[in-house]
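Have a look at the structure below, then the notes.
Labels run A, B, C and D following the written order; every chain starts at residue 1.
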């Protein structure tokens, strides 16, 4: 198991969905930062279950308790320990999956790799873990204050925004349950998720994230290129299947003369197909990227699978699950982006002579 | 700078395209492995410049010299130091770019981040670095012998394979210069690259990689999920803009009931949209993924840019560059895949009680 | 701040002496270990304050609560989060040191490095942190079961054992409050500590630690030699000033012909001045070493110092402190030794082909 | 194997004593440093064999060749690769030890751990490796220029300096072959080593190292305390058996009231039994410590041992070895000290907001 992310701003986490608590340790947070605890809780609330009709109806307050590293409201430079208690576990919901494996779920691989698994909820593989990331990301956001990180839902199933992020009013992202800044598209997405939910089915989607005011110099080639670390972070989110930045997969169809971003005399560029990164180092332009989420594996339908003894069985899916993870994943994408940028902020600082 | 990749099978590299040599140190290679040096050189030859009409015409033998860690043909468990001498540098080719920045190239960000740069070739940002990866990857391949890793060119510009990897004969990949296992498509790709080259332009493309016989259990959640580490590795390759595994971006459009891979009673799955990975851990099925490469930034045309003093200038691109990096990147993708799998091989071994 | 120790068996900790709780995350504990929770609590009890007349009279139960990574009494291979609540803080005792710096204490350097400090108790620099290590060490001990680790008090001030560890009955270590396995010497040590305590003063001492049945092969040269990692671990314990293994400082006076350990035909050695380690790798003989502890800095006397404004002041030391840390440090030395050996156990396993 | 040291200023090394070359990669050296190559070579010359009558008579120039990371005499911020060719190997000298194990030498443990060993010289366990450290340390010294690091021979066998470092003129260290700044003591030490050498025997000793002008704030508790990292570094040097800083083992005999360093009003201290470190963080006073070296294991006498088949044999030691490693270890101690301090320089910088 590898439960740490980051080099200088490092988060180490623990916790199963149905244990006493989840939590983590933030190591490397600079001293003397006056924290805005409401802003941290607000980010947790963006992720928490039960916030709207299109997400899981599980109710958990997701209240973070800080145990160390903060004195009189200020960070002390020592490690910040925190826990988030699990208050709404209904372990009985999982008795049916105790001995069966959900298709396309971590149930099977955890059981085979470790020889046993905590079958209540997803155990350690549950997306509940991402609440820990929100805490660390929310602190990072406060330190990086001039860097503005905005993620939003770009597509749900086949319903996709047909505008670039520059054409959107990102301040509208939080105005609807699906977190799509275009109201018309948002309505279609919400309706689609509701229809899918009625079927006991699930649907995938994509998130776009934009980080503005990233200073030139973030990223440490060869192996810690900014986009490589962002990609690794995004690919750790449950259900993520792909990552692309700047022109991404579409850009592969272009010629160099079409794709290159011409310079302005101040070093900025006229276009930004590069996604704000050259040679793995931020160039001062907007950093932006897309993240692909598969449909959630846990269905509330009947499905065929196998049990621990290798028998074919037919199971009725139960529990309270998201029909689409994308809306709740928006703050998670932002949190991980903040953590990665924070790490490079510290790394870049370190070698200043 | 961060010049190491891997945790237990770790490669640390150095070298600029126009210095005396590039090279690296492999730390963590198990002892007692009898190395096939011809196979290592063969992998280097697959990557080397000048191998066909559609790649850079620079001629370099790329001969690796091992300096340590091997005794009587066997690995000793100590660190393996190696160098690859640079023999065909033509630094004068770069005098024109000494004071100007190529658009969409690392020239600008390196200069601004570090305060200076080795302007000969790409310096440290040159893809010549990838020869180091080939060496480590070739050794990893020999240790992982039952795991078969095959990458191939999936698209060049808009010309794409219309078959899945299962429908292709991957043994044909090396039969043509573009490394596409379908002869008809390969011919179109080659013709397209030749036409692009004539224009002094460049073109992007994608590579698919398949790893067969990966044992169940590779991958260390939460933060070292197998696909997250593969993604990070791929995103370190020069010109890469995106990574997706299994169903990838297309999979986001599906419903869970369409996307889930139903189990056979032996634990294998009837479909494999998961790309051989569940919850970040290999499940015993084929691991496969796509990598997106942008068109090379360096053009052999006239282009507008700025110089170090911030003046707008018009420059005639010179030198010997690839019109499309994809064919030479195929062995690079394989090498990094081998290194990542090797690392998980050792990590997975470590906790066996 | 650096709050993690270990590479594959890694402990990350947090907590100030007067916060809500201290705690940590153990990453890398193998799955399927049935834990003996009583044995863990027993180790904590050996370290806890208030256990005898010669240690601090602070009363804290030091009860560990595991929050994750354990299911039905077994480790699951996921990270083990735990907390130990702080129940007996008397912050008012520290109001006198809020604005002054104790000589030879971390007060001053923490304040200057971080710009502020949690002045209650030692804050993060408090030896309360070592309770976290006990938890991780106790788990490691259970996994390493055949390896027997025994530490004991070797000297208090000038009162020292005059026998080698082979001449002692180490099962007697816990039979007295000072944890010296020789009853006669123990009595002298206890009397000495009592006399020192009466003066409001403190005294130093040394601990010897012996690990039996360490398999040949633990230690990863060049930079993770077994003794180097043991040394680093011991030097992290509060008040430690020195580390030596095998013949140590005394061995520097010998000639090679006197110092070399002659082999028996089975590869064991007739003597063991090497301390069970050759070239940084355990050789199958007993591993043993000494650790030097300075006298505690916090006195219960009047002393001269300076305040935060740089004024000379005279202060009356208060609070409940150990007159000699050595007796309570014995289980701490064992815990860290177990953690280091556990790490090498996993590292050594990893490269087995 | 673990062949890297440092976190932000990281050296990764390779090389056997009788391979083509040894070398390393320095990762994290800041950009824009104009290097003094003569000073680097000068440090190598202080370590090289054959420099005086009391060290091994092997003649090797130990010339470093830099392969990358330096352009026009300046560091570029990219990794610095270097090699030192092995020019004076006499492998035939080792034919006698091919099948036998030298007592108290790494021969045995390497063979048993890795299943084979490069028996020429010490292979990877040879102190030749330390030449790599000299290179990295010499570069660190140049960057840390105000910090003055001086090591010297404190004792050879039972012949020890009876003065503290403050009473010595450290500029005299290089004035004699044994590197003891007191001429009278130096003469005794040299005579003693010559007598020992005549016997084909070896002798141990100790080195003291002093670092002046270390800024307050170096050291990252809990687990990267400055003295813990110095200790680990020193304990990686071949033949080292112990480390103590400040008052060290002697300090354990004192009372707190005797041991505490009283403050001056400017925060400096009247005494410095602390060795310049409080709570693991430098306090602005001199950092000083002692390192214990055992007598070299390789004797030029007849000795009893066993062979690879477990037979008792009697062997005549041959080859060119140091009768006492201490004089040549003085620059090694300095180099590692510089590397550790350089690492903390960068770490401390990193979290400056």
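The rule is short, and it goes like this: a contact is a pair of C-beta atoms (placed from the backbone, for glycine too) under 8 Å apart; a residue touches a chain by one contact, two chains touch by 3 or more.
Remember, predicted model here, so these are calculated numbers, not experimental data.
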**Fill in**
Note, CA centroid farthest from chain D's centroid sits on chain A
**Item:** Between C-D and A-D, the pair with more C-beta contacts
**Value:** C-D
**Asked** So what's the Cα centroid distance for chain A and chain C, whole Å?
**Response** 39
**Message:** Measuring centre to centre with CA averages, how many angstrom lie between chain A and chain D?
**Reply:** 46
**Message:** So the centre of each chain is just the mean of its C-alpha atoms; given that, what is the distance between chain C and chain D in Å?
**Reply:** 27
**Request:** Could you tell me which residues belong to chain B and also touch two or more other chains?
**Result:** 1-4, 13, 28, 31-32, 77, 113, 124, 347
**Fill in**
Within their complex, chain C touches chain A through residues 1-4, 10, 12-16, 19-25, 27-28, 31-32, 65, 67-69, 71, 74, 76-81, 83, 113-118, 123-124
**Request:** Flag every residue of chain B that touches chain A in the complex, lowest number first.
**Result:** 1-5, 13, 101, 103-106, 108-110, 112-113, 124-125, 129, 155, 157-158, 196, 199, 201-206, 216-217, 219-225, 227-229, 231-233, 235-236, 241-249, 251-267, 269, 273-275, 278-283, 290, 292-299, 301, 303-306, 310-312, 347-348
**Complete:** chain B contacts chain C in the complex at 8, 28, 30-33, 77, 143, 346-347, 349-353
